[in-house]
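Provided herewith is a single structure, encoded as structure tokens, for subsequent inquiry.
Going by the order they are written in, the chains are A, B, C, D, E and F; count residues from 1 in each one.
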Amino acid sequence: MTYSSFFYSEILAIFRRKQDAVNALVFFLLVITLFPLGVSPSKEFLQPAAGGIIWCAVALAVLMSVEGMFKEDYNDGSLEQLVVSGLYLPVLVLLKLAVHWFAIMLPLLVLTPILSQMLFINWEILWVLILTLILGSPALFLIGTIGAALTVSLRRGAVLMLLIILPFYLPVIIFSTGAIAAAQVGQPYNGQLAILGAISLMTLTLSPIMAAVSIKASVN
Amino acid sequence: MAFESINEFISMGTHGPYVWSVYGISLILLLGSYFASVKAKKNQIKRLKQRYLREQKS
Amino acid sequence: MNWIWFHKLGSPKWFFQWANKWSKFAFVIGLVMLVVGIAWGLGFAPADYQQGNSFRIIYIHVPSAILAQSCYLGLGVAGLVSLVWRMKMAPVFIKAVAPLGAVMAVIALISGAIWGKPTWGAWWVWDARLTSVLILFLLYMGVIAIQNSLDDMQLADKAVAVISVVGLINLPIIKYSVEWWNTLHQPATFTITAKPAMPMEMWLPLLLSTLGMYGFIAAIAMWRMQTEVLVREHRSNWVKKEILDNGI
Amino acid sequence: MISADLGKPLHSNLDLSISGLVIERSERILCDNFSCVVKAGEVARIMGENGAGKSTLLKVIAGILQPLEGQIFFSGEDISYHRDMLHRELLYLGHHAGIKAVFSVAENLNWYCPNQTSDAIELALDVVGLAGYSDTPAHQLSAGQQRRIALARLWLTDKKVWLLDEPFTALDVKGVAVLEAKIKQHTDAGGLVILTTHQALDDSLSVKEIKLV
Amino acid sequence: MTYSSFFYSEILAIFRRKQDAVNALVFFLLVITLFPLGVSPSKEFLQPAAGGIIWCAVALAVLMSVEGMFKEDYNDGSLEQLVVSGLYLPVLVLLKLAVHWFAIMLPLLVLTPILSQMLFINWEILWVLILTLILGSPALFLIGTIGAALTVSLRRGAVLMLLIILPFYLPVIIFSTGAIAAAQVGQPYNGQLAILGAISLMTLTLSPIMAAVSIKASVN
Amino acid sequence: MISADLGKPLHSNLDLSISGLVIERSERILCDNFSCVVKAGEVARIMGENGAGKSTLLKVIAGILQPLEGQIFFSGEDISYHRDMLHRELLYLGHHAGIKAVFSVAENLNWYCPNQTSDAIELALDVVGLAGYSDTPAHQLSAGQQRRIALARLWLTDKKVWLLDEPFTALDVKGVAVLEAKIKQHTDAGGLVILTTHQALDDSLSVKEIKLV
């Protein structure tokens, strides 16, 4: 096994399981529909809440799809093989994550403009939303990976994983919705964006190593 | 004909962009479904034919 | 009532040959009606006194909306047939029609959204009718997702049948709940249910294009089902004979 | 260092020696002060009843589990804490073979052995009795056939140290014979094999038995 | 195996895995906290939205915990054993479901009064909320089971399961929040409660059979 | 009907006969027009290479998979569509043994055999070599020990028809001997066993070999 053969096989696996990416997308759409139906369909409610709704939906969709990232590898023994492959585990985690980010986030970004119309977001605000998504979503994936690695050996990891990880998502969600809310009332929002980027960068250095440690502990 | 001229037909009052984009998108989706289905059938037939011929030879 | 045709439809071979005969017929008739209906509606029907020319979107909007619902009904019935009588063609039908239904729902949604902009001033409002089409689309995506996610064909067949049957029973509930929901939360500002008494010159092309859409989709569905039959029955002698002798 | 014995390749100086290993599992000491040496050219078979700790020992050697105490030396170097050197020469097959269900047979092998031509892969599949299956998704194969995919890696690798945990499970008689021959060939070429199995091995394989008590 | 030994072992399994029930609870709590944080903590926003928020959280928590209901049984081969046990599968499904309902919903019902205080729900309205939960939640479990049975053979079924099941949850959510909203403005809400009960009853007859069909198809 | 042969118990009239079975798996016909009869007191061993379809055949008999065509008769009655009658007499052990990881060993057995006293269970555990493990959670056991839990069911059941898919995997030599003895005892008492295995069986077991081609 080499880094490139690992990377290639990850891409292949994503292609084989492309329905998974579609599922994440439809799930995203579904969660967004839940709010108008469950709470209120009026513009007065939806417009101010839109940033929060979209970010909650993104967080859930990312979490749900990251959750299973190592499951299959664990069950079929590939994870063990990665550990003994002699390759540097954090790099493998990062490669896997990059592939997942592309597969999940790109379609999601494409869908966002349409959905923001349904939640009455203005075109100007849309750009802020997309910026927060691009800057913040890496953090979602990176944090999620740690949870996925920790819960991989549990058969019923989904709820537990949500539990462990959601609190760590809160800062990302708060700063993102903060930026959007600021933009909606015409205030500057560069500060929030900078913090989002900083969180992503920080998790980028930290999370692959933590995930690798967790994987090594899970495989036994 | 409900329209005086071809230009008027295209502009549809002020609603031209709406009407024509709807029909454009619908046309693409319908044609897409049509060609995808026809092509899938042709491909399957071709694949089976090759397989049967190969089987007959061996 | 003669039910023989129904039982025969359960036989892939019989269906394949039946579809060979009728699919082209349905396609040609459907296409002609669709083209005539739409051309009539676009070019010759009078403009609506309220909405002006934007109402011409109706000739694609209503056919696709009706088809989206009919296809889902079809899925449900096929699911029931598949679970109760284990008819071989039923899962084939579901697999072939679900994506078409989803496309129809998408066309209804897109055309409605674009129509909404000049008429209501918004691309989207959370109106009961609109929302129920959106949910219908989500239901289709569910069927498609489960079909594609399960590798085992028999399991996938059972799964889509189960989901379709559950959907069949729940669809009225969903529709009713959504309608009820909207009337409670929000006074219906825009009703698309109240029919404007449509003059004949508007209504006839609508009928034509709707019937045409039925024919068009039926033909495509038959081809897709034939493809699926070829995939599933490729080891049977009649498929071999059909392909080698008739050169289809 | 050039080996004096010309019949054996350069690598033949490799050996694995374990000294004073103590392994604990769920608060039970499995092997207490366990030592052994396995040299190039040897097949070591770990003997023990069900639950004796054979799989655990293999995992400890591979670095998947940590021992409580003791050292492991690989070609004279202490690798108790850093397995990198060993991993470069290691092929480990556990109970779960690391075969991805969505990949075809050939793709599974490509993943592990990226430097092999597809001809080489076809050849290996032929040897393990999977000729013609290279495009079949792995989940469509029987238990024994999936096992064979993993075993095909043995024909495609130049790793010297093989740790095989019950490699014969689910294999039919022919498969067992082929695998035994391969193990013999590998050790003859200066490789090192440590395996566990409950089945009797063929006599042609000269096995060094290591008892776990 | 007998019905009673099956039932007993289910209870035992729930006790062994009591963390799962706790997790569902905490997840419920977490989703509810997400709203004030992500959208707005003001009473004006929360009070009218409270019914919808609690019901969305309940639906997600139930869905997530039902999702893994058959996973373990499938992976260790017990599901196969159930199929060949000679017992009537729909009854087994129902027994399992009953145990799960108690384990998840009872603590959740206990927690509800506290949470509704946090969302500014009045005490009078609280009763309506609890009534809708008691009447509606069986439907959530029953519908969810079908999805769980269908996706049991997938390693990464969580997203797919949410996808196919959430649309069917919409009526339950809509009628429940409808009842609460009606109560909040002082209108009668018996009609909605009756419909909720009717939905639960209908799914009670349908869903065990459908789930059994799906299980039989999944085990192979 | 009372059996004339007094050495055998009442049940000895049971038999399982299969006629014209056609099984398809992933678009490949596995057995085409397969027929066989297994009578009470017989051990039938299904023979075949890896991937021949042995596991699939057992699953079809157990009713987990559906055959394409063909009938299965149990004691003369057609059970092709309704396995209820067979299930009342059936014990099936597949590749996955149905052992719950969170349960202790004794709890696992209580679940399957609710009518047994805890003494009987202790005794069975003793026979399969798990004495003293009855309160250990199953996930803390080795592969072979987990297998033994499932096999302990054989000592605690009064079911007559046993379908065992590779029951000897992961068992050590002692375990294999104990299991073989149990199978012999069961058939001597008028039971019926169909099993698959790639290992050679002991000669004391008179086995009827059924070839799958």
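Just so it is clear, contacts are C-beta pairs under 8 Å (C-beta built on N, C-alpha and C of every residue); 3 or more make two chains touch, one makes a residue touch a chain.
This is a predicted model, so every value here is computed, not measured.
Contact with chain A and chain B alike is made by C. Two copies of one chain, chain A and chain E, form a contact in which over half of the residue numbers belong to both partners. Chain centres here are C-alpha means, and the one lying farthest from chain E is D. Relative to chain C, the chain whose mean Cα position lies farthest away is D. Chain centres here are Cα means. That of chain A falls 47 Å from that of chain F. Per-chain Cα centroids separate chain B from chain D by 56 Å.
Chain A and chain E have centres, each the mean of its CA atoms, that are 25 Å apart. Along chain C, residues 135, 138, 141-142, 145, 149, 178, 181, 185, 234 each make contact with two or more other chains. Among all residues of chain A, those that touch two or more other chains are 17, 19-20, 23, 26, 30, 37, 40, 72, 75, 155. Counting partners per residue, chain B has no residue that reaches two or more other chains. For chain A in complex with chain E, the touching residues are 17, 19-20, 23-24, 26-27, 30-31, 34-35, 37-40, 45, 48-49, 52-53, 55-56, 61, 64-65, 67-68, 71-72, 75, 155-156, 158-160, 162-163, 166-167, 170, 173-174, 177. Taken in their complex, chain E has these residues touching chain C: 143, 146, 150-151, 153-154, 157, 160, 163-164, 166-168, 170-171, 174-175, 178, 181-182, 199, 202, 206, 210, 213-214, 217-218, 220.
For chain C in complex with chain B, the touching residues are 38, 42-47, 52-54, 56-57, 60-61, 64, 99-100, 103, 106-107, 110-111, 114-115, 117-118, 216, 220, 223-224, 226-227, 230-231, 234, 239-240, 243-244, 248. Chain D meets chain F in the complex at residues 25-26, 48-53, 55, 95, 129, 140-145, 147-148, 166, 169-176, 198-199. Against chain C, in their complex, chain B makes its touches with residues 1-3, 9, 12-16, 18-19, 21-23, 25-26, 29-30, 33-34, 37-38, 40-41, 44-45, 48-49, 51-53.
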